[in-house]
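Some notes on the structure that comes next.
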Amino acid sequence: MRRLDIALGLVLAILAAAFPFLVNAYWLHVMIIGMMSAIMAASWALLAGYAGQFSFGHMAFVAIGGYTAALLATDAGLPLPLGMLAGVIASAVFGGIIGWTCLRMSGPYLAIFTMAFSEVLRIVIVTEVEVTGGAGGITVPQLFHAQTDFPYYYLILALLIVSVGGMMLVVASRWGLFFRAIRENEQAAAAAGVKVTRFRIIAFAIASSLAGLAGAFYAPYIGILTPDVASQDQMGLVVAMAIVGGMESLPGAVAGAIAVEFLVEALRSYGQWRLVLFGALLLFTMRFARNGLITPGWLRLRGLVGLGAARLAREAAD
Amino acid sequence: MNDASPLIEAAGLAKHFGGIFAVDHLDLAVREGELVGLIGPNGSGKTTTINLMTGHLRIDGGAVRVRGHSVGGLPASGFAGLGVGRTFQITQLFGRMSVLENMLVPGLARPRAHKAHVIREARRHLEFLGLAALENLAAKNLSGGQQKLLELGRALMLEPRILFLDEPFAGVNPYLRDEIIRFVQTLHAEGRTFVIVDHDLDAIQRLVHRLVVMSRGRKIADGPLAAVRENQDVIRAYSGA
Amino acid sequence: MTLAGASCLSARNLAAGYVPGIEILHSVSVDAHAGEIRCVLGPNGTGKSTLLKVLYGFLKPSTGEIRSGATVLTGVAPHAMGRHGVAYLPQRPSVFPFLSVEVNLRLGAWSFRRRSVEVKRKIERAYAQFPILAERRHQTAGTLSGGQQRQLEFARSLFTEPRVFLIDEPTASIEPRITGQIYELIRGLARDGKAILLVDQNIKGALGIADYVYVMRTGSLYTEGPRSEFGDDVELLVSQWLYTHHHGASPAGPASAL
Amino acid sequence: MLDYILIQAANGLVIGVLFALIATGLTIIFSILKIVNFAHGEIYMMGGYFGYYVITLLGVPPFPAVLVAMAITFLFSVGLERGLLTPLYSPRIERKADYGILITFGLSVFLRNIAIILFGPFPLRPPSFIEGDLIIGGLIISYDRLVAAGGGILLLGALIYFLNRTVWGQALNAVSQSRESASIVGINSERMYMLAFGLGGALAGGAGALIAPIYSLSPSMGLVPDTQAFVIVILGGLGSVSGTIIAALLLGLSENLFIALLPDPSRGPSYANAFGLFIMMLVLLVRPTGIFGRQHVAME
């Protein structure tokens, strides 16, 4: 039932364009954070879900993107958009390097290695107070001088569409085929002529550059950047978003991110319970619904509507 | 390129695991158009030989040459690029990818591959192997026999000059066995070269012209079928004495 | 054979494989009789080891049944097979290489570990029967020679007083000069009334002690019969098993194989 | 200066002993279940809180409270293993490695956050084992640290005794060497998975209860030991308990000496953690898969 996908896409497009006019500033902010998280979750899903590389260092690239943008804009006096671009490039380069260093690692070893990388980076940021502002963070200039968050909203919407659209193109291309082949069976992929080394590094670089993009947006939007972005709790949140959405579906990861973000905010009055909830959600999904909650749900709905439509058509024919 | 040199050749090939030679200075040359059977008792180094001659294991000594050019140090994908295809003892598919996608991977990995052309080719091979109706099924949902055929099909997508088949008959039913024999014969008639490792000596005897026998990492016999059958060393190696 | 008794373990029409759709065994029936050595021969890759794995419960058969007397053993987990009087000696010795000989023996007494007197008595008996084990009791099992590891395994398996032994290539990884001892050991077990099902690549050795022979080819029984019905020219037999054209399973008796 | 180095060395050894408890737990779990437990640091944190509440709510004296906390952590871990890890043993579940990584990672996030609710975000400190400091010349060390180290050494000794001298320990060892051989002698592997996960958890929990009076308890206290335990297992690794203990002592010592010797004292404490992680990354580069190499627990 492809038509339902298209219908949903149209509704979402209209909703997305009109969203700032429909809600108050608070929920607009939540949506902006949700869409930014969606870039992080979808790029992690590309790396872990499609390419099979379970990195727990994804937030390090968010930090690299954010801090590069912030430091170039403040200390080096570069225009902010250029700094943001540099942040994306820096995280792509670091991502490629990390992808190259852990070529021979897989499974838990790769997870430990990337987690260690992330922790080392976080510790360096906390410690080098003169450069980074340490745990207190670094103040970042604003990108727009407007009364509302509207410009940020449309910017992140554009970035989300471009980055997720780009990833979907990659996934649909031969590269995506190679990523999945390597994930399924590295040995067989090599026997099939796939240059395993090259595509593992490419997957890492793409995912990292988009994590960096999210970081580069985050810094000026929030206005203050702290080493907490690279914390393991943030990593856990992103993993939960991707898994709830369905790790092997990019739109699923996007939907998962926005849904979890809204849930987290809706439960804000319950204080700390909301954080427990996403931990529990992650565990529940892994234990009982390994393909995620949102993607299979959508597929089932699509199937039901499809059946209903077929029945209607039959009845009409009778 | 030298037409007089063998299609693929192992010269003094050696591999040891912890001091024990799994392949012990093996010489094996396969010429264009040959159909070679490689047999031997368990642990005689047959699969290791395939792994070495397709780039899946690093060689410890000697050389592998494709058409006279030494290709030591090339990764497995490089061998595939040179037209050296293989199947695995335990079928290695991309389990959660569709049958067609499994076929597309090697096709699209070839330089300058044209997608529409690759899809056409994949469908032609699937038709040949009798898998055409299953192209949208996930590979892991195929039966074991169908998986074997798909793996063969995937190797064909490399447009290989030579195919190494590692135990293509293990565990397949007699009907499928005959079918695989027929496929190999057809492909051989089309000009492809084969090296087949298997324990099923009936099938091997029906297929091959030349039989190589390994025991404890060494080649103990190599020649026409009839000659090898008379070889007492081979009988002795198999009776465990 | 004189001691041949009732069937201790019988398997009917076993089919099994590791991957769905790939059958390693197609409809194989074998029996083990008290006091008898029955050996399963055939070229490698024909499913002989798989057969023993299925019998011991490491691999669930897709069809068929395994019984010991009135008890159905199909689906019993391997760790419970000892309680049903079945012992298994796999191709690679199943000793724990980083534990001492003594601890290996103690673990062999796992099923009655709380009865410390009995544990002690049985270990002492094992030492008496295999003096080399007493000598090396504090060495790790991995440092023993292949033959000594086999002795340790046999000693350990006797603790649960099994009635049936499933033995896979007992001489595969050991020094040629003591293969004779190992076969003698197996013959001794049969004399004590144990039922032996022996899978062997060493065809000469196995035929030397067998009472009954199963020959397998590509997952099926090719032929079976008492040892006496197979001649003594082992190499002739092997070359026939190896090279005869043959399609699928055959109920043909040994006569047609010769 | 020399006294400072001496004190740091003594502190390093104390911390090393506690690291050893945590890391041997991780090693045992890995050797038997073949998974890396990303929630191990959080189990350690839970152990610390269990100890705290056993003392404050039940009025158990501090010394026995450590043992009670270990027992609770044992049961708690077994519950987690039954609830979350049994799919790992089912032949029907695909991609077990991925499952092991994600489920334990998810568990770590969950436990950290539920701890904030259950125990509050603010640091808690149980009463001292023994008040005061031991002073020998220039060496000053608190009695609590001595007790923690002594308790840790006792527990490690008990562990080594258990693994080598008791039939249950030997059976664990056997399962880590070969599940197949273990089932041939009649050992039910699944019960050993329960035991291993419970035991690994109890060791971490014991470390948490011992360390509580020295550093305060907080829900995020597991983060650092978690990564440190990976460092230790990977450095000393090879699945050997003695290697793990030696690596733990070396790491504790070198981290504290690193703090003492770093010319910039303000950076020392924070880079101490990065130091171990950095070394581990180097080791992983050289041996990307062979770390847990022999995969069996043994005192060698």
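Just so it is clear, A, B, C and D label the chains in written order, and each chain counts residues from 1 on its own.
Rule of thumb we're sticking to: a residue touches a chain if its C-beta (ideal position, glycine included) is under 8 Å from a C-beta of that chain, and two chains touch if they have at least 3 such contacts.
What you see is a predicted model; the values in this text were computed from it and never measured.
The chains other than subunit B, linked only through touching, hold together as one piece. Of all chains present, the one whose mean CA position sits nearest the global mean of protein CA atoms is D. C-beta contact counts were set side by side for A-D and A-B; A-D has more.
Chain centres here are means of the Cα atoms, and by that rule the chain farthest away from subunit A is C. Between subunit A and subunit D the centroid-to-centroid distance comes to 32 Å (mean Cα coordinates, whole Å). Computed centre separation for the pair subunit A/subunit C is 56 angstrom, with centres defined by C-alpha atoms. In terms of their C-alpha centroids, the spacing between subunit B and subunit D amounts to 49 Å.
One simple way to say how far apart two chains are is to compare their mean CA positions; for subunit A and subunit B this gives 42 Å. Those residues of subunit C in touch with two or more other chains do not exist in this structure. Listed for subunit B are residues 95, each touching two or more other chains. In subunit A, no residue reaches two or more other chains under the touch definition.
Subunit B makes touch with subunit A in their complex at residues 54-56, 75-77, 80-81, 85-86, 88, 92-97, 101, 104-106, 108-110, 113, 115, 154-155, 157-158.
Here subunit D touches subunit C in the complex through residues 167, 170-171, 173-174, 177-178, 180-189, 294, 296, 298, 300, going by the rule given at the top. Residues 56, 58, 77-80, 82-83, 88, 90, 94-99, 103, 106-108, 110-111, 113, 156, 160 of subunit C touch subunit D in their complex. Touching subunit B in their complex are the following residues of subunit A: 174, 177-178, 180-181, 184-185, 187-197. Touching subunit C in their complex are the following residues of subunit B: 41-42, 90-91, 142-148, 167, 169-174, 198-202, 205, 229, 232, 235-236, 238-241.
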